[in-house]
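Input: structures, listed below.
Note that chain A is present in both complexes that follow, paired respectively with chain B and with chain C.
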Partner chain A sequence: MSLPPHISAKPAFSTSRLPTYALVGNPNCGKSTLFNALTGLKQKVGNYPGVTVEKKIGTTFSQHGQPITIIDLPGAYSLAARSPDEAVTRDVLLGRRGDTPQPDRILCIVDATNLERNLYLVHQILDLGRPVIVVLNMMDLVAEAGLEIRASRLEQALGVPVIPCEAVAGRGLVELRVAMSRHDLPLSRHAWDVPGPIAPAVADLQASLTLNDGKSPLSARAEALLLLTDLDSLRVAGSTPLSPRTNEILRTWQTRWEGQGTDWSAALVNSRYDAIGRIAADVVVHVGETGPTVSDKIDAVVTHPIWGWLVLGVVMTLLLVSIFTLAEGPMNWIDDRAALLAELVKSAMSAGDLRNLLTDGAVAGVGGVVKFLPQILILFFFIGLLESTGYMARAAFIMDRLMSRVGLNGKSFIPLLSSYACAIPGIMATRTIEDPKDRLVTILVAPLMSCSARLPVYLLMIAALMPGESVSLGAKVGLMLLMYALGTFGAFGFAWLFKRTLLKGTPPLMIMELPPYRLPKVRDVLLQMFERAWIFLRRAGTVILGISIILWFLSAYPKASGHVTPADQLAQSFAGRAGHLLEPVIKPLGFDWQIGIGLISSFAAREVFVSTMGVVFNAESDKENTAPLRTAMLAAKWPDGRALFTPLVCLTLMIFYVFAMQCMSTIAVVKRETNGWKWPIFQTLYMTGTAWILSFIVFQAGRALGF
Partner chain B sequence: MSHPNANFLVPLCQLPAGGVGQVRKLSGDAAFCQRVREMGFGESAFVTKVSGNGTILCQVAGTRIALSHDAANNIIVEHIARR
Partner chain C sequence: MSSTFQTIAALVVVAVAAIWLVWRMLEKRKNPGCGGECGCPSSEIKTDLAKLGRGPSS
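This part shows the complex of A and B:
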């Protein structure tokens, strides 16, 4: 048997080089808890090149203290991949990825309370011909479920070590470490019968894979079996394609079976389940009838047609309220620190362009993004909490009915909800959506949900629209809610439209597991929160830094001669000229070139509009106190003496901001997540186009009605 | 068979709450059939419907699974018993 190159040279498991392990398992089997328990903080999180799938590598230590590398692969129900995540798992295990060496050994995690379904993946993995250790996780819940698992029988049946364990409590880890440190791990002795009509095809494909694709015979058999069930052969970037000869053999057999009416994939899956059923019957003992479990009792309320909505409503309100209230303190703190840093730079350097670049460009720009970090941290903390307790799947279940009206499924709910805080984490959260079209539609409409960066713009406009303290708070809040509702309906409307036209697909067939409820493990939630926050900071931070510098340059050059006010300088800068250029386009909306400057500069982040208006109208202002700016804005006039900020213009401007894609960071993230410029460009055009058309209708209709 | 409901083939979405059915036929495209089989809905598997009219909730092979209406409509079961 020829070994893959990376383990061939010396005896693979000498004391100096310990094998690399891959960690695989179904979603919700406690895989990340086990990974964290084994590796602690010794983890490296990255990305598989070309795909938006997280690559996690950690180090644990053998019983003698030697380091062992563990690759945590995305959760999968089957090696026949249905999502990019599962495709990566399959490709790494089969050694199809050039960027990740094929792991030497496989650690297969199984939810002991749900052995039969979990054994399906184990069964496929045993075929790979690599040493496997099966970890029976969640042994603590087995008794509660009225079951008894005979681990030794399972070990006998599979012929590989089976380690019972409770990753949450850290039980069984010592035994697992000992097993992982073994130099001689047996290969599985388990044999199962490939259904008669399919067996010759498996032999053919196995031979061709060995001969033409350079696979070892054992893994060639596993891959041959997989090719027959991997129907749409989901390929992701970085995966090595099959040789033409193997492809040809595959097609020939499929054509023959189609002619005979043989359902080869059903036959294969069912015969695997038959083999698993026999094992499970021997291993799992049902210890009498048990009543409804705790999970059943909670589900009776949480998935109830009426109570379920109530619970979801409370959870969502709590989430949004805490994002907006808890984050306020830290956000102001960051704001103050950024201002302090700018002051520090100002006092340390002599006046000049470099100083302005650092303070107005870099510090202000990056500070503007970092400011959103508290909100994002809180959001990720809550999402992590909801995921690890198992509630997230219930929320998606409840929302599925509503989402299916517009052609999306329940899994799109969380990304859209997250987008109320910020579209960036929302778009990053779409990775769990299996169907690529559903995922794309969700990405396209997510930025329509009013994010927190729009809040300062809304506040300023409402203040200008309803000046004086006489206007009731109710009217202001009502107008604000109207803007949120507009964005939300817009998102659903466009999702409906896209699913019917551009991204037409079959109606979404959602199949989603609802895991049993568990107490969350705070350490895992925090770890995940910091990981995601770091990704946000790195990605958005670098882009924003670049954009901020460009925008600063545009507003600072060319220099006005002589002694001029900042407003004059801005007026004759590139940005000011662009504002003038833009005026004909936005005049039908009631906006002049000064508002145009605001629209251009707020491309960095929407709330920059407020500070730009401050510069344009020469008014010192901040978010808590918009009164001076409000007064200055209300005094602004068109050259012919008409007031610029009429109530109608303020309303139009708010509507424009609801729909317009005024966010470079979102564009950058969409480019990354969709692997190209096509979709972010389309998204920008459709959103800003809609914003223009709606603003035009509102302004012109309002004027016709005499406002 | 004496049971009044025996041999009645219904889509999973029409099974009454609490009803137990045995999967007889899967319709829909090949990728869908493949996935539900792998999730435990293979022919001859027993499914208990927990609740739901639109999106349904059911129990199969010890796991609780939510299925959208269209997905449940593609799983044809024989109504076995009422628990």
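This part shows the complex of A and C:
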């Protein structure tokens, strides 16, 4: 069998220097899947655009076992960056990042079913004058789309190795690894005609970029073409401003072209598309019928203005029903084991502070949170399934109709969706949003989406609000849906307000690619699910354990003199005093000082509320046996004998948790993403203020109505 | 185990927990990285970054 021309029979790298490859391509063309397949890492992948917003670095090995560094870059349609994530790609490729060396070589991954559109970025990258390998991904879908791709013709046209591949199934990886192992990768021989009147401008800018900005000649030409395409030096140059001379040359040409009344920038883009069109016409053959695909047929229902909403509602209901029903058994099992462990400690040790610390602090605090692990697993299993199949992009499409009415950018959907898991990746995902005001609005409202840390609080409150088996599952699911809807519509409401006051801007347009439906990759779904479970358990075993220990101390010290009841001891403790200090502020919401302790500790992380309740109410319990937290909470009373956790208080507390900003990690990320303290402080104040006002209205109105 | 010993042991555990939480908070301030566990790169990527002598991307 003869080897293709790009595969070398010679040994790979003779030099000791490790080559660095950048992995680039359009959004959702399978970059992260290929990155994972090559490096063996578990970078998050999803069947929707915008999953990767920051570069990731991994290592693969050449055919001779030598390490090769790969940098997975965020997806981009062009090198003219319009959003922060695209700017990362542009800056790394142009060698502008201080923390990342300019890649020696570039792996350009393209979606073979959309070759012509994907070739625009490839074409720009070839201008950079670096060795390039083109990876034709999703070859399995090419035949389904009624196409045939002549890879060898593309190889001839571009003059670089072209490797057909199915990253998701691992096909083509051997050939790719062999091509990557070559130390004599050719530079592209592809030439395209820059329109005659533009050529002098390219030459002028190239010369100035080389002389005044210290660029290499090839890189300078690529940047000159970018500048003339975009005519926006800020957008092209990013954080490394151009020299005054280069700026002056650019302005001179811009003025000259404006005077001529000819849009030479568009002509430059068109001439590139013409060159790409000629290549695509030669490479892509339509062999099958081009009727509606299976994806098109499914989309007719799931993106329908009416049926689409129905499908979304059914999907969400199914998810929440599963959370309640499937998790019940494992949750009870964990609860029983925690109680057993506490009993074991009690029987093994004599009474004393260390025993109390272990049972009332560590076991009650951590066990109270860990019992929600099954529900977290189910939530992320479903989210993984929806992402993997491609349904999430359809949900974004459906929601965009609503989001655009409140002035939210369509690209806000993915960050908002990610925030249902955790606001931190959601806020980081806002880097795909081009408009800075739209991005800021999304950052400000993202933490209103009910994250998984709120789930334990909601579930505990629902359990307290609707005790016993007599309450229908529908009511519990309905209440949970209501909390998720409150957060979502609250976010939309505030986005509407911000877009009309603080951050006025033009109504955004949504351009989003709907990826084809795929069968879910069970491995990816399970990996993502276990990764989230691990994060949850790690938090429980570290931060929550630490806070539970401190909380135990704060609730057990200073020791009251004489023989006092546990309730009196708690009231006199440091935690009790802090709770009492807060009580005047929260009493109008129906909360007492014990709930106040939970609210204070929740600022570390929301789920700490549950462990705090575990510590507070176990500490207060007179019984030797560890009572279920729900029972202990329901037995709690105000000094006048009224029940503390009435249904109205539970509902009010849930509403407070929907809106309050109680996550230090999120505040830290908002500070980083907005470059200052102004917006995180504003966000904390407006969210917590809203939480207080709404809770006040609900509690007082409920009381006036006799609840 | 005497009551006094239990009290001393419990206070030592509390002190260790407090020192660890403060240390963790200061570390986060010094190197905020991704702000928390949720958005951080996996440990394998962190190891790779360390091998390459580069800090986590920010």
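Odds and ends about this structure:
Basically, the second predicted complex is superposed on the first by the 358 of 707 C-alpha atoms of A that agree within 3 Å, B and C clash if a C-alpha of one lies under 4 Å from a C-alpha of the other, contacts with A are read in each partner's own complex, and residues count from 1 in each chain.
In this text, a contact is a pair of C-beta atoms (placed from the backbone, for glycine too) under 8 Å apart; a residue touches a chain by one contact, two chains touch by 3 or more.
Keep in mind it's a predicted model, so treat the numbers as computed, not measured.
Contact with chain B, but none with chain C, is seen for A:Asp299 once the two complexes are overlaid on the shared chain. Legend: residue contacts after superposition of the two complexes on their common chain; A:Ser347 is shown touching neither chain B nor chain C. In the superposed model, A:Tyr120 lies in contact with chain B only, and not with chain C.
Judged by the touch definition given at the top, the superposed model places A:Gln260 against neither chain B nor chain C. In the overlay built on the shared chain, the residue A:Thr501 is in contact with neither chain B nor chain C. Contact with chain B, but none with chain C, is seen for A:Ala145 once the two complexes are overlaid on the shared chain. Taken together, the two structures place no residue of chain A in contact with chain B in one case and with chain C in the other.
Note for the complex: chain C touches chain A at residues 1-3, 5-7, 9-11, 13-14, 17-18, 20-21, 24, 28, 32, 34-39, 41-42, 44-45, 48-49, 51-52, 54-55, 57-58. On the side of chain A, the complex with chain C involves touching residues 41-43, 54-59, 69, 99-100, 349-357, 421-425, 427-428, 531, 535, 538-539, 543, 545-547, 549-550, 552-553, 663-666, 668-669, 671-672.
Against chain B, the residues of chain A that register as touching in their complex are 77-78, 80, 82, 113-117, 120, 145, 229, 231-232, 265-266, 269-270, 273, 295, 299, 303-304, 393, 396-397, 400-401, 404, 409-410, 506-516.
Within the complex formed with chain A, the residues of chain B that make contact are 26, 28-40, 42-43, 45, 50-52, 54-55, 57, 61-71, 74.
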